[in-house]
Every structure is written in C-alpha cells, then in structure tokens.
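Everything below concerns the one structure shown next.
Each chain gets a letter, A, B, C, D, E and F, in the order it is written, and its residues are counted from 1.
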Amino acid sequence: MSCRYLHERTTTAAADAFQQAEVAVLPTGSVEQHGPALPLGTDLLAARAVAETVGDHPDALLLPPIPVGVSAHHRQFDGTLWTDPETFESYVADIVASAAEHGVRKAVVVNGHGGNSEALRRAARGLREEEVAFAAPWNWWSNLDALIAEELDTSLGHADEVETSMMLAVAEDLVRESALEAAEDEGGDSWGKSIQGASVGFDAIDFTESGAVGEPTAGSKEVGEKLLAHATDDLAALVEWLAEQDVDDLWPRGHK
Amino acid sequence: MSCRYLHERTTTAAADAFQQAEVAVLPTGSVEQHGPALPLGTDLLAARAVAETVGDHPDALLLPPIPVGVSAHHRQFDGTLWTDPETFESYVADIVASAAEHGVRKAVVVNGHGGNSEALRRAARGLREEEVAFAAPWNWWSNLDALIAEELDTSLGHADEVETSMMLAVAEDLVRESALEAAEDEGGDSWGKSIQGASVGFDAIDFTESGAVGEPTAGSKEVGEKLLAHATDDLAALVEWLAEQDVDDLWPRGHK
Amino acid sequence: MSCRYLHERTTTAAADAFQQAEVAVLPTGSVEQHGPALPLGTDLLAARAVAETVGDHPDALLLPPIPVGVSAHHRQFDGTLWTDPETFESYVADIVASAAEHGVRKAVVVNGHGGNSEALRRAARGLREEEVAFAAPWNWWSNLDALIAEELDTSLGHADEVETSMMLAVAEDLVRESALEAAEDEGGDSWGKSIQGASVGFDAIDFTESGAVGEPTAGSKEVGEKLLAHATDDLAALVEWLAEQDVDDLWPRGHK
Amino acid sequence: MSCRYLHERTTTAAADAFQQAEVAVLPTGSVEQHGPALPLGTDLLAARAVAETVGDHPDALLLPPIPVGVSAHHRQFDGTLWTDPETFESYVADIVASAAEHGVRKAVVVNGHGGNSEALRRAARGLREEEVAFAAPWNWWSNLDALIAEELDTSLGHADEVETSMMLAVAEDLVRESALEAAEDEGGDSWGKSIQGASVGFDAIDFTESGAVGEPTAGSKEVGEKLLAHATDDLAALVEWLAEQDVDDLWPRGHK
Amino acid sequence: MSCRYLHERTTTAAADAFQQAEVAVLPTGSVEQHGPALPLGTDLLAARAVAETVGDHPDALLLPPIPVGVSAHHRQFDGTLWTDPETFESYVADIVASAAEHGVRKAVVVNGHGGNSEALRRAARGLREEEVAFAAPWNWWSNLDALIAEELDTSLGHADEVETSMMLAVAEDLVRESALEAAEDEGGDSWGKSIQGASVGFDAIDFTESGAVGEPTAGSKEVGEKLLAHATDDLAALVEWLAEQDVDDLWPRGHK
Amino acid sequence: MSCRYLHERTTTAAADAFQQAEVAVLPTGSVEQHGPALPLGTDLLAARAVAETVGDHPDALLLPPIPVGVSAHHRQFDGTLWTDPETFESYVADIVASAAEHGVRKAVVVNGHGGNSEALRRAARGLREEEVAFAAPWNWWSNLDALIAEELDTSLGHADEVETSMMLAVAEDLVRESALEAAEDEGGDSWGKSIQGASVGFDAIDFTESGAVGEPTAGSKEVGEKLLAHATDDLAALVEWLAEQDVDDLWPRGHK
C-alpha cells in the first residue's frame, strides 16, 4: 500500500514528508441528500477523489478527509448529517494549524460542498490574521465554469448533471441511475427562491421535492471524467503556485 | 417633523404602528473605505436612502440604521470601522427579535454592504429556526443586475461607477468628484484575486491601491437616480409580498 | 454639507482627520420606551445632540451613533429595542478599536442611556487592559447633578423632567406635550423597587405603569437648553483633557 | 456541631431542610487587598458573618460561601485573587439554580463586595427570565446609609472606617490595628477618579497608594457591632419578605 | 460495492436504513504519533476496522469515521493533528444529533483514542440531558482487559504491544516492523509521570522519547486478530443490547 | 488566630508570604449527596482538612477552598449543588492565575471530588500552555491505593468505607452513623454501569438508590486517621518536590 494520506505514515515518515512538502491538502465534504440517485457522500467522494490525485505530488501533503460539513439546509431529507458552521470552521482550522506547527504553513482546502465555503473562508481568514497558516479554500469546480457550460450547457445546481457526471466518474457503483429521472422530475429548476432579489428560500426543501436542482439525467461518465481531469490539473497548478510563494508574502499587509 | 423612524415615535404611537405594520425594515450599512472620492459611509447612506422610501408605507415599520458592519477586509485604509461577523449578526438578530416581541415578526434587512451578507443570512436563519422572525436580507442592488448592465455595462465592483452613481443621487455633496480619476487609475479591475479559481486575495488592499474596483468615472447622478428608483420599487414590492404572507408559512418545513 | 461625522468623509479625508484628532467620540443611545410623551429614541437623540457639538472640535473625531443598547428591562413596552449586554459591549469595543488602529487611541463614549453604563465600563476596561485604546464612558448628565438639583430640585429618573427638558431642547417636535401629564400620573416615584435595600424590581414595568419615573410635567425647554449647554462644555473639557494626556500614562499600572 | 450550612447536612437531612425553607441564602465575598490593616478576605468574612445569622432561621437555607469574586481592579496589590465577571456570574447562577432544582426557588445573595454587584444582577436577571429562581442580590450595607452617616459621618469607601468597624466586630484578630494609620495616610479620599463626571480611574491603584479609601482610623468595634446588628435585622426581614411572596408573582411581567 | 456506510447510500436508501436500524455507529479516531513503527492513524484505523464489522448488522447504521481528535498532548511529534476538546465534542454531538433527527436516537461511538474519551462523555451527557440521543462512548478495548492480560501480560499503553498487534491485524502494510525495537528502546515504561499520585506529565514527550509506552516488539498479528475478534463480538453485543432498550428508559431519571 | 489562609492575611502580610512561598495550595471540593450518613460537603471537608495541614508549611500558600464543583451526576439527590465543568475550570484557573501574578507560579490543587478531575486537568493544561502557572491537580487519595487495599480491602467507591473513615477522622460530628447501614443496604456495589465495557450509567441514581457505592459500615475513625496522615505526608512531599523545581523546566517542551 502506498501512503497517500498523512495518517498512513508513521511519525518518523511524516517528519520527512513535512520536510519535503510545501502545501497541506485537506479534503472537506458533506454527508447530505443528493436526491434519490446520488449518494449522500457525493461532496465528500468528489473532494476526496480530486485531492487524492496530489497524494504523490512532491509539494503536497494529504490530510485525512473531513466528512461532515455545513448542511443544515438539507436536514429535512433522510440521512443528511450536519454540524454548526462554527464547529466546522474550528475543526478545519485546528487541523490546518496542526500541520502548520510541523512546518507546512500553506494549505489548500479541497472542498466539495458549497455550503462549507463561508466557514472555510472564515477559517482561512482567521489563520491568516494570526499568521498561523495560509489556507486557500478551493472548490473542485471553481475553475470549471467554462467546461461545464461547454459540456453541459449549464452552471452548477445540486445533485444535477454536473454532480451526476462527477459521481459516475469517481463512484459509479454508488449512483442509482434508475432514479435520475425521478430526481429530475421532482427537482427544482434553480437553487434558492427569491423575491425582488431577496432570498426567501432557506432550505433545499423550500424549492425542490426530490432534493435535486438541475437536470441530473443529462450527466454522463464521460463528462465526469473530463471534469475530474480538469479539476485535477487545476489543483496541481494551485499547489504548485502556493509552493512557489514565500509564506511571508501571503500574510496580511499592514496599514496603508 | 414626520416620524419616519420608530425611534422618533413615543411608545404609545409605536403601539399603533406595530398594530398596523406587517414588516420591520432595518437598514444596515458599513463605514469603510470607498476610495478617495466616495464617503466612508457610502453603504450606510445608500441603505438608509432606499429604506427611508418605505418610511410612510403602511405595511412597513422603519428601524434605526445600523452603521458599522463586517469590514475588516478594508481595515488597512484610513477610517474603516469594523466589527466581528458574530457581533454584527447578534446585534441585528437582537433588534429584529425585539420588533418581533412587539408583534411584527416579518422583516427586511435593507443592506448596503456585501460583506454583511453572510452574517445577515446567519441571523435570518437563526431567527427562522427558532420561529422568532422571518427576516429576509436584501441588498439594494439585488434586483438591479439587468439595469446595471444596461446603464453601465458592468456588474457591481466596489466604490465603482455603480456606487458613484448612487452616491451622486443620494449624497452628492459628500462625493469628491475630482478624486474619481485617481480612484480609477489606482483601482483594481475586479474584486478579489484568484488562482485556478481559489480566492487568494483576502483584503481589498491585496488587489486595489486606491480602494476602488471598477470605473468610478463612468458613474452619473442620472444613473444613480434610476438605480434608486428601481431599488425603491423593488423594496416596496418585497415589503408587500411579505405583508401578504402568513408568518406560519414562512417557518421551516418539518422532516420530509 | 460640512462633515461632522467620520462616515461623511472619504478615506483620504479621514487620513487627515486621524492625523489631527486626538480623541474619538462615539455617541451611544437606546431605543426604549420613554413614556407616552417622549420619543423612544430619547437617549439616542440626546447623546447625538451633545456629541455633535464637538463635530468640529480639532481634537475630536466623531464616530457614527450606535442606536440600540441594553434595554431589556423596558421590553414590555411597545417599541423598545434591545440587545444583549455582551453584544453591545463587543460592538462598541470593536468600533473604538477600529479607530485606534488608524492612530486615535483615546476615546469618549458619549452615552445617553444609564442601562448601557456597565457594558461600556467593561468595554473600556477590556480595551485598556489590552492597551488598545483608552475609552472613557461618559453620560451626558454625569457632571450635571448640581445643575439638575438647582433647576429642577430632583435627580435623574426616567422620562422625567430632566429628559423632557432635554428633548424639548434637542427634538421639540418629537415631544408629545399633551401626554406629559398622563406620563406623570401613571408614572413611578423613584427608579426601582427595594426591600431592605435589596433590589427586587428588575423591569421598569415593576414600578411604573406609564413608563416614566419622576415629574415629566416639570420639564421645560429653557432648562433643557441649560442642560445641553452645560453638557456641551463638559464634553469639550473632557475631550481636551484627554487630548493632553500621553496615552502611555493611561494604560494600567503594573504590579505594586 | 449544629449544621448551619447545607453542606454540613446529609442528603436526607437536606431533604427536610428544602421542605421547610423558603429562601436560599448564599454568601459571596472577595479576596482582595483591603489595605495594610484589614484582611484580604474582609468582604468574604463580613458576608459570611451576616449570612450565618440566618443559619437557624426556619425560612432560610444557608449555602456555602463563595470566596473569590470580581476583583481585577485590585490586582496590582499582593494577594488579590480575581475571576472574570462571567465566570463569577455563572458560578453563582449555577449554585442558585441547583437549590431551585430541589424546590427552593427564592434566594438572597448576601454579598460583601461592591465589585460583584453587576455580575450578581446579571445572574439574578437571567435566573428570573428563565423562571428558574428569584435571587435578590443584597449587599450587607445596602440599608445602612443612615446608620453609617450617623455613626461615622461618611458613606462607604474601601477598607475604610466602615469596613474597619465591621472587621473589628467579626474578625478582630485579623485586623492589624497598628497599620490603620498608614492605611489612612497613603489612602485615597474618594473612590475612583473622574474628569467632568467621566470615570478615568479603573483600578484602585489609580487613586490610592495604600489600597484604602476613607478614614480607617475612625472605625471602632462598637460601631461595627451596630452595623452587624442592623444588617442582621435587615437580612432577616428580607428573608421573611421573600418567604411570604408567591414565586409566581416574582417572575417577569408579560408584554404591556 | 456494498454500502457499509451511510454516506454511500442515497437519501432514499437512507430512509429505509433509518427505518430498520436502531443504533447509529460512529467511529472516532485520532491522527497522532504512535512511535516510529505504527501509523499516525492507528486509532482511526482500529476504530474503523471494528466499526465496519457491524456495517451489515440489521440494527446498526454506520456513520462516517471522524479522523482527528483530542491529541494536543502528542503535538511535539511530527504529523500529530489535533483539535480542541470542545470542537471535537460539538462535532461528534452534531453528527449524532443529525442521525437522531432522522429517527435513530441510540448510538455507539466506537472510539479508538483514549484522549477522546472525556469529550465523548461530555457529548453523550449533553445529548442525554436534552433527550436528543443516547450515545454510549465505547473504546474498542473497553472489554478486553482480561484478554490483554492473558495474551500479552500487560494493560494498554500507547503504541505498545496491544496497538502493534491490532495494527498487524487491520493494516499490516502500514506497520514498519523494523522500527519496533527503536520504539521500545526509546519508549516509556508507563503512561504519564506522577509525584505522590499527582500527574505532572502532561504531554507524551514528558515521558517517552520514541512516542511509545510499553513493549511494542511483543505484539503479534495473531494476538491482534484475537483482539479484533473479541472487540467485534463486544460491539455486536452492545449494539444488540441498545437495540432492545426503549429509548425512554435511557433518558435521565427525575429528582429522587 | 494564626493565619492559615491567604485571605486571613492583609495585603502587606501577603506580600511577605508570596515572597517566601513556592507553591499555592488550593482546596477544591463538592457539595453533593454522600448518602444518608455522610455530609453533602464530604469532599470539601476532606480536601480542606488535608490542605490545611500545609497551612504553616514554609513552601506553601493556602488559598481559600472552592466549595461547589462538577456534580450534576448527583443532582437527583436533595442538596446536591453543581456547576458546569467549564465554569468550574475557569474559576479555578482564574484563582491560580491570580496567585501567579503575585509571583507564585506553581500550585497544587488539593481535590476531594473525582468528578472535578477532568476540569482540573483542563485548567492545568491551559495554564501550562500559556506558561502562566504549573498547577498539578492532586486528589487526596491519589497515592493511597495500597493503604486502602490493605486497611479496607477495597478501592474507592462513593460515600463508602473510605469516605466514611475519612469523615470520622475530620468531621465526626457530621456523620450520622445510624444511617450507615441503610446507606449500604440500598447502595450500589460498584461505581457506574457498563455493557461490554461501555458506560451506560451517567448519573449516580442509575446505579445506587441510597447514593452510596461500597460498604460504608466498614469504615472507622482509626482507618480515617491513617488515611489522613498518609495523605498529609503525600501532600507535603508533593509541595516540596514542586518547590524544588525550576518553573521553566515545567513548561511544555518544544517540538521534537
């Protein structure tokens, strides 16, 4: 077994890894409803799959995936697990800070769940203010707008054709393809609900019955593999960019 | 003097107002750098101006403006005042909850500062979970994408042509028009800084020297008045929509 | 328009102001019942009126008024808004600390509401311990005992002749003079309720039906103008005293 | 040994005591400098002495004394112990709430330290809001203004003639009478330091070198015994007043 | 792929699982030094291995493993990751509470790290007090004292023969057997350091240089398999016992 | 009266004591049911009795006893008082930190209640991390396993023969010997309740009707005096060991 993850190494081997690596990579996901066709762990599985591609990258040090995130807005659907944003923020920040204590003070949080983003930004901001670590939150689809538009003629929804494609690429046996149609038929057209631009839909159940938003049936393994490949390249490039930065240049600038 | 604001009324008059009104309206702003041409209170002044247009609306009850918000990312520029997101969230939530205790349990937070949005969403979510109040956060530009694109061929930046226009419409004497060019010349092209889609610019100073992002010189009072008029209509419509809702229909739905 | 308040200035103008000024001045009020004759914002309006008199003082820098304070003990009366003492303390402390970050580390909190005092003392104590800022809390009536006794033969109650006088001086059109008698007739004689010296009245409603405590009808605009003039002088003197202090002499002394 | 304190009883005996008593009595003090002549535990010893006089009162149930309180403002003097106001508030509230759980929901906190008062008020307010307990904070000198004026021609300072008298009455062997003169000579004239009514002295050391404020040499055991006797009567009367109240009448009143 | 874990199921399949199962099973581990021979994730891998044995048990519902725990006392060794006890407690409690919201209110936390125990007890106590869930914390070795004594003539240390045996059984390829001798030679004899029974060793580094405590070389795969088998039986029995309990009998008893 | 306790000294005398002493000694107890025969304050009285034996030790400085601790698990029995673990932890930590501010940075917490232990460890860990103080928590029975086994052929339960013996030695008049038999007959055999090693008994009432666990009738004053003598020697030895340590050697070690 090759040791992709830090926790698979001994402390002695970890010492070498911290010596060599420049960037800690922490996958974060969620366990929340993704409609009747995709697994609850869709976001976790996608983040993990993308993150593992840098498991052997000399600049990267792969930390264990954080499974449960900020998902209270899906709580009415069976199986959704959630934690408070503050707890999630602290848990992530503590883990990144631990790695910093061993000498790797730059990090990428490879996130698979949009609902985690604000908590990750807060964690990152706090760690940077204290000059503990520079931890860039990065959603695996952050740089895929063009590809998604081109391949699927859409933008990201939830449990939609984008996520269906990704799951077909990374965990095909967990996708219940026969349920994709139901997901779509009883799904929502767009995320959220707004009146004059004000968001008045707080929970997924306010705007989707199946839990999905988008056109899950339009997904395909082929597109999923393209998404994965592109995300993988993006992550490697991001890790390499961070590896090149002097950490002192990443701390907050002083008063103007 | 007509009493637009709750705090201008006596408790006796307030009793009547709470009887009649359906929706509390709370303006929230910020005091933060808006480049060399616009006042620090730009977001506060805009929110206040828009909110005051419903001061006499029979469905609305106007609460006092909250001046300082979540602006730490502008702290390197002179004059920026900021508070923690948690404190801002609690302050807003407490005020909305107070109004609810007197019988008005629906609210619009008329927000003038994007940096406040996440804290407002958290406040709203918490108030809704506890069935204390339904407080929709609404940025005055939330429904103006099309108008902004049409009039100014852009989308919202910071201290840009949109905000310059708005300030020329609501507080012209506080705009230092002679500084608009400097604002633009030393300003940023777009908000934030990203690598492969990961945000690596946390503070305004990371991507703008003047503090502005956009083309402030392209602003005009004429456009500002259109923005204000449109926002005003949007707010009235939002207040009226909320007024028609049964508050019990606004609470979270139970488990599926 | 002259720029009395910081938020009316641009960041560039603010830079100059922070260079020149020595003392930040932050008005804090409340929005709480003041009986049937005085506006809910009495404390806010008074604090603001007093504070604005140093708007052009070369030593002073005027921060935006904080409207809502620690008023839960008035919550049974319509229109009262309140926040937790901790939230109020943090909000004030954050704002004063922001100004300190730009170089003005001495402050006066011009307070209009007795219920805020303890939270302001805690904020001040915390800022001083950390050597962030020296923020003296000051109620506008703090130095007026003699004047109040002389003019009105009383000491401060609530919504009483002192506050009625002040409101007649600073916001006459918001006073419902016809209701002063009712305020008095159904008001309390003295603040609180005690048994053998133990306070057993926690809320205003425990000892006043109208919300007032004292003799509101005894107030007059003429007295109000004297109060305002005296308070104004006091504030200027306080600002000047602080301006002369070396901030290092204001930090806590070391162990004896 | 007679069991004055709850903790001297077994759980079985306590069951009877909770059955019979109506009012829990909790002494709270401080361990803080009281100048060179009085013991650090002056406030604790006084509160304990007064509280113990109701140890056999059928309406009262005596809880163990809380020794350390809110005394950071004396921290520069050797031997002062202090805790955060929040911690003190929670500790007291938890203890009172425990007694309430066993059926005694009315309480007097017999307090010996002015610095504790605000935290005690907050504890009391919180317990009352939740309808857990009605816990009146009461300083042993709360009702002694007239007596103190008559006997000593003064009002309460710190480690002054009032406290010296009390200590001579309750713990004479802990008073170093030979040091009273030094306490007075290097002491302060009045508590605090103010400029235009604004408090600018935060710590005792800002206005007293010896730690005392007042005229300690004017104290006497005879006066102390009068103070103790009066305070004792006051406490009994307070306990009896509370015993007669129906607890439901003590909870907060609803909205007007 | 069979779906052992909840997150591998869709929300629809999860609905069935929550219908059938009685007990949620949550594995918790740590990522902390286990000397030069065992992987950092020893506790995580052991907890996961034991927990997965009930993946198909009809009474059980397997939640995703929580990787990082309360390990600050190992922080001086490379690779150790840790979080605050409060954060860990909240994270676990939130996850268990989520499952309870879907109808499964009994849980076993299958824990692999002694340092997590107190936080797990607190989480369990809190969930029980609120009658949210009954979540018994259980360390996989909790019932193995006799077996460990019999097979290895010892009791549990750290990274010792017990853990070495377990790792050889569940993740043999991650054990660096050649380093076992060094682990032992530079390891500690017993956990902690005490003087007259007082613990004065707070961190592992205070009493072990290699990170191990015990005799790692005495471990064997054969013993590990016995440990695993016994723990597996214990867990099944525990799950079955819980499945039989009426949840109402598990809530706290009322006052005696 | 000799001044055993710090609070019995003046600040001037305390200055000398802090000069001479090396170790602060803080007794912590509980007020919680100890069955029908032993006083609620058993743990407090025992801790106090042991701690007072170093009241005159030149290395020691005796702080006032903290009466109420972490005892919610006894709350169903009359008279039990309890506080949150966090509050207890903070209260103890603040007191120890106060002593440290006056120059004595080593401490022993002489604890009489097992339920306090975890909170004391957390307090100690926090104080050590911040290099404020080294505060070893020590239960008076920590080093008495052998003696207890030899004299009573048992290990510590609750309100059992060990505690009965100790109370007969330190507060004989508070023991209701006639109730010892009932304590035993309706008591539990062992502390807690477990299924396959998992603790499923959270409160004392889950496993004892009388509140006692063990054989209270087997206790004797003679054994109690031996326990006290041994504990006393242990404490003196612990104080002396700490007195000899250079505090810098007690702080956490740096990264390996």
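The definition used in the following text is that contacts are C-beta pairs under 8 Å (C-beta built on N, C-alpha and C of every residue); 3 or more make two chains touch, one makes a residue touch a chain.
It should be emphasised that the depicted structure is a prediction, and the values quoted were computed from it without experimental measurement.
Novice: Taking all residue numbers at the chain C/chain D interface, are over half used by both copies (same) or under half (different)?
Specialist: Same, since over half the interface numbering is common to both chains.
Novice: Comparing centres built from CA atoms, which chain ends up most distant from chain E?
Specialist: C
Novice: Could you tell me which pair, D-F or A-B, is linked by more C-beta pairs in contact?
Specialist: Higher C-beta contact count between the two pairs: D-F.
Novice: In whole angstrom, what separates the CA-based centres of chain A and chain D?
Specialist: 56
Novice: Can you check how far apart chain D and chain E are, centre to centre, with Cα atoms defining each centre and the answer in Å?
Specialist: Distance between chain centres: 49 Å.
Novice: For chain A, write out the residues touching at least two other chains, lowest number first.
Specialist: Where chain A meets two or more other chains at a single residue, that happens at 75, 77-78, 101-102, 255.
Novice: Which residues of chain D touch chain F in their complex?
Specialist: Listed in rising order, the residues of chain D that touch chain F are 1, 3, 5-15, 17-18, 31, 33-41, 44-45, 63-68, 75, 77-84, 87-88, 90-91, 94-95, 98-99, 101-102, 171, 173-174, 176, 179, 211.
Novice: In their complex, what parts of chain C are in touch with chain D?
Specialist: Going by the criterion above, the answer is residues 72, 75-78, 85, 108, 118, 121-122, 124-125, 128, 136-139, 141-144, 194-200, 202-203, 205-206, 234-235, 237-238, 241-242, 250, 252-256.
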